[in-house]
Amino acid sequence: MEREHNLVPEDALWKRFLYRIIYRSDTRLGKLFDILLLSLIVASTAIIMMESVPQLDKRFHYIFLVLEWIISIFFTLEYSMRIAVVKNKKGYIFSFLGIIDFLALAPFFLSFFFPITKYFLIFRMLRMLRIFRIFNLMDFMNDGYLIVRALKNSSRKIYIFLLFLIIFSVIVGSLMFMVEGGRQGFETIPQSIYWAVVTVTTVGYGDVSPITPLGKLFAVVLMLAGYSIIAVPTGIVTAEMRNKRQNLEKICERCGNEDIDDDARYCKQCGKKLA
Amino acid sequence: MEREHNLVPEDALWKRFLYRIIYRSDTRLGKLFDILLLSLIVASTAIIMMESVPQLDKRFHYIFLVLEWIISIFFTLEYSMRIAVVKNKKGYIFSFLGIIDFLALAPFFLSFFFPITKYFLIFRMLRMLRIFRIFNLMDFMNDGYLIVRALKNSSRKIYIFLLFLIIFSVIVGSLMFMVEGGRQGFETIPQSIYWAVVTVTTVGYGDVSPITPLGKLFAVVLMLAGYSIIAVPTGIVTAEMRNKRQNLEKICERCGNEDIDDDARYCKQCGKKLA
Amino acid sequence: MEREHNLVPEDALWKRFLYRIIYRSDTRLGKLFDILLLSLIVASTAIIMMESVPQLDKRFHYIFLVLEWIISIFFTLEYSMRIAVVKNKKGYIFSFLGIIDFLALAPFFLSFFFPITKYFLIFRMLRMLRIFRIFNLMDFMNDGYLIVRALKNSSRKIYIFLLFLIIFSVIVGSLMFMVEGGRQGFETIPQSIYWAVVTVTTVGYGDVSPITPLGKLFAVVLMLAGYSIIAVPTGIVTAEMRNKRQNLEKICERCGNEDIDDDARYCKQCGKKLA
Amino acid sequence: MEREHNLVPEDALWKRFLYRIIYRSDTRLGKLFDILLLSLIVASTAIIMMESVPQLDKRFHYIFLVLEWIISIFFTLEYSMRIAVVKNKKGYIFSFLGIIDFLALAPFFLSFFFPITKYFLIFRMLRMLRIFRIFNLMDFMNDGYLIVRALKNSSRKIYIFLLFLIIFSVIVGSLMFMVEGGRQGFETIPQSIYWAVVTVTTVGYGDVSPITPLGKLFAVVLMLAGYSIIAVPTGIVTAEMRNKRQNLEKICERCGNEDIDDDARYCKQCGKKLA
């Protein structure tokens, strides 16, 4: 997937001017545009939320509708302009942010052809993801990138951990199904597995909780296990993040190795003495 | 904001004497004054709490009133003296602790002019913040400062994490609104978002919990996700705190090793005596 | 316990061929076999779960029965073949995965001689453990092994922590039994201990919660304690995992540096090329 | 407080023999004695628990009474012998474990002079602490000591964190008292503070939960804050534990410094090259 960094504006002067405003934030107008965009995204999300509240929807239904139209038209214009001003139009349309921009518009146009159901809502909610566009412009992405990279590097270990957790919950849930029989909340194995996950993740709604003494004993063992297990994903991510923290500052001049620990004096890839 | 360290007493001998008692704790009287202050802050907070309990307020209303007057008058006197004995009066008044001292007094005087509402309570509660004044005098601040600095250094990452968490909760809440329809506790999108936050942070009140099998399946996925996500802020702060533990100001002149513990007298990498 | 790595096929050509398919996944047929096995394990687990739901069991009882027969027969054939194609038959039968393979079959055959009770369920659920066989073939095991090793190395500390937690919960539960008397949920000491564990692990079902002011104060103290205690297992595992990340087998010959990353080719301390 | 290590047996041969059995576990009889002691402690705790269950107490009251007598007499004999066989009798009596041994006996003898109330229970529960005596003999104490030392070293930071948490909960609770007015569960400030602690520690019983939309919004903010805050104690202990892990293996030959990091090549105290 192409990154927006590679996009270049068309040659026409007014397109270069608009490109600067829409895609960059190093000018005053560019910053204003970003703030306007951010406000509209937040407003749009807030409207969708308020529409779902019957009392508010009854009173302000038409105001919401009009605002939704205004925002959608603005987003449509913006989307057209974004395509118009870049040279590599496909590059934008199929970039990560380009696809999100499109998905944020789709439900509005689909609503002309199909009856509006509540399933449209979630598509409209995707508009929130456009917030990430703003971050891209601010320096925020650097830190966010660090977190994502640490998660990605440890994703394999986290998958294994989750899989283990699921198998553990299924077995514990089945055992509890046998212990608590058909009692309230433990009528079926999937129900008991639901309880096991609620317990082991320490959420503990309390809509299902053990009733028999044996069930409670069993739950106590499970809770203590879950309490110790919580340390595992934490340990994985912490160890990874600690490692990733050190990458950014230093770089080996000879081989370009960026994975340099704080206390390293020689590059571990090429053996060059570090400055 | 000016720090209290820079404050100097007025020249008059009695002011220097009072300054020593009020601002410092290196004399016996100074220590006694601190303990008196601490007791009054705790007493004041306890009184406010007890006032809110109808049974206690009915029985001891006048005792609470009188005590509140005594403590407020003491704090007023203390505030006046604090201003009187320092040379740089503005420096104190607009320092962090000076503002807190003022806010702790304000509600008492405002209550003469405005009817007392329960909103006064929270202002009076701010008095608790004066406890930090005591820490300033004890050695406690050093360790506290370490924690605060680690939090501040990783605040950017934590903001991003929180923002991600909020967007995640909004989308999950919207999805759950579609899944659980208008059922008990999922009547509106904001309600469903409330549920999503309660679940993903593993608080799990249980006032809202999924009812349909699909909703429960969805909740299970969310809980497992939340259980893995909890590792992220932990990883961020841990990595930062581990780093902060090491004395940031020191560096070995010979080998450039920056990983120097507080109690180190020789570089652990090259054996050079540290300055 | 012997590991499967040491197993060798019989000499007959068709046995070598089958061995390659069943035990390895470096051929196309071998991979297909693994996928088939995985699907059947998941299907078998899903059937057991669905059987426990009365509505589904009533409608699809005979379909479930037939599917169970088919899967069991396949597993039986596979088990026989696994024994047939290896030279060291005992080595397979008493290996970790061999025992799981046997346990996964046992309930099916036992059901011919004994009436089927719900206690058979849990034995049939053990079939899920066969999933680990698939991981063994994929590269997954490496990361999983890291986690397991970190847990094993810190298991001693975790045992002590759990023991401390249990003693703590017992004492706190007994205290709470005295505080809350015979009130709802605190009728007996074991009940109160159950509450203490639910609270200290931050699960918090809410089926039992303190009622008297003193009980609530007590609970607040316990919760704050539990909130600080949670850091202990996390700290243990994190410290261990951080350590395990580093390649344990490697050491720099010149300077004795043991902190050598997996991808290092030169010692980061002295710049020596690593063997 | 003197440690048991310093105790020496009396000169008489039979006392040396008993000393070996009671205080040490390097003989077969010594090990048997330890196991007997452990069993009696567990049995005694179990009896106390079961006594609190009315159904069990009604049926087995006299059996419990007799067993309690037997165990108490055994502990009395053991306590007398422990005093008899050591030379430095005061050393034992006022050692940590000696005091626990005494406290474990006290309630039994006090029950002759005072009527038995349920407050005796908790004293009898203290007997559980004797379990630590067994650990002392096993190698377990080393690992436990590591944990305790890490906690002790970071105790200052944890105190500050707890204090901050308490002040935070008090202020948040007061704010919530204003928001949710006198509604169910938020009738008084102490009640609201109880809710704040239940929420911020992610226990979430659900016996008190916000009802108004504003209250829920407020709770969401609090939960997200609590979710980030949980990282702080974890970070503190992890950083400390990581540090402590490294102590045990290495020691500087010249100055006896035991605080030697994994990657240190020179002693950071005296600059000696480490082996």
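The first chain written gets the first letter, and so on, giving A, B, C and D; residue counts start at 1 in each chain.
By our rule, contacts are C-beta pairs under 8 Å (C-beta built on N, C-alpha and C of every residue); 3 or more make two chains touch, one makes a residue touch a chain.
This is a predicted model, so every value here is computed, not measured.
K.L.:
Taking shared residue numbers divided by all residue numbers at the interface, is the value for chain C and chain D over half (same) or under half (different)?
P.N.:
Here the answer is different, because the shared fraction of interface numbers falls below one half.
K.L.:
Fitting the CA atoms of chain A to chain C, what rotation angle results, rounded to the nearest 5 degrees?
P.N.:
Answer in degrees: 90, to the nearest 5.
K.L.:
Look at all chain centres (mean of CA atoms) and spot the one farthest from the centre of chain B.
P.N.:
The chain farthest from chain B, judged by C-alpha centres, is C.
K.L.:
Let me have the rounded angstrom distance from the C-alpha centre of chain B over to the C-alpha centre of chain D, please.
P.N.:
29
K.L.:
Please list all residues of chain C that touch 2 or more other chains.
P.N.:
Correct list: 161, 190, 193, 202-206, 230, 234-236, 238, 240, 242, 259, 269.
K.L.:
Touching chain D in the complex: which residues of chain C?
P.N.:
Those in contact with chain D are residues 156-157, 160-161, 163-164, 167, 170-171, 174-175, 177-178, 187-190, 193, 199, 202-206, 209, 213, 216, 219-220, 223-224, 226-228, 230-232, 234-236, 238-240, 242-243, 255-259, 269.
K.L.:
Considering the complex alone, what residue numbers of chain B touch chain D?
P.N.:
Per the touch definition, chain B meets chain D at residues 45, 48-49, 52-54, 118-119, 121-122, 125-126, 128-129, 131, 135, 140, 143-144, 146-147, 150-151, 158, 161-162, 165-166, 190-191, 193-194, 197-198, 201-207, 230, 233-238, 240-242, 245, 259-261, 263-273.
K.L.:
Touching residues of chain D toward chain A in the complex: what are they?
P.N.:
Interface residues on chain D, with respect to chain A: 202-206, 234, 238, 263.
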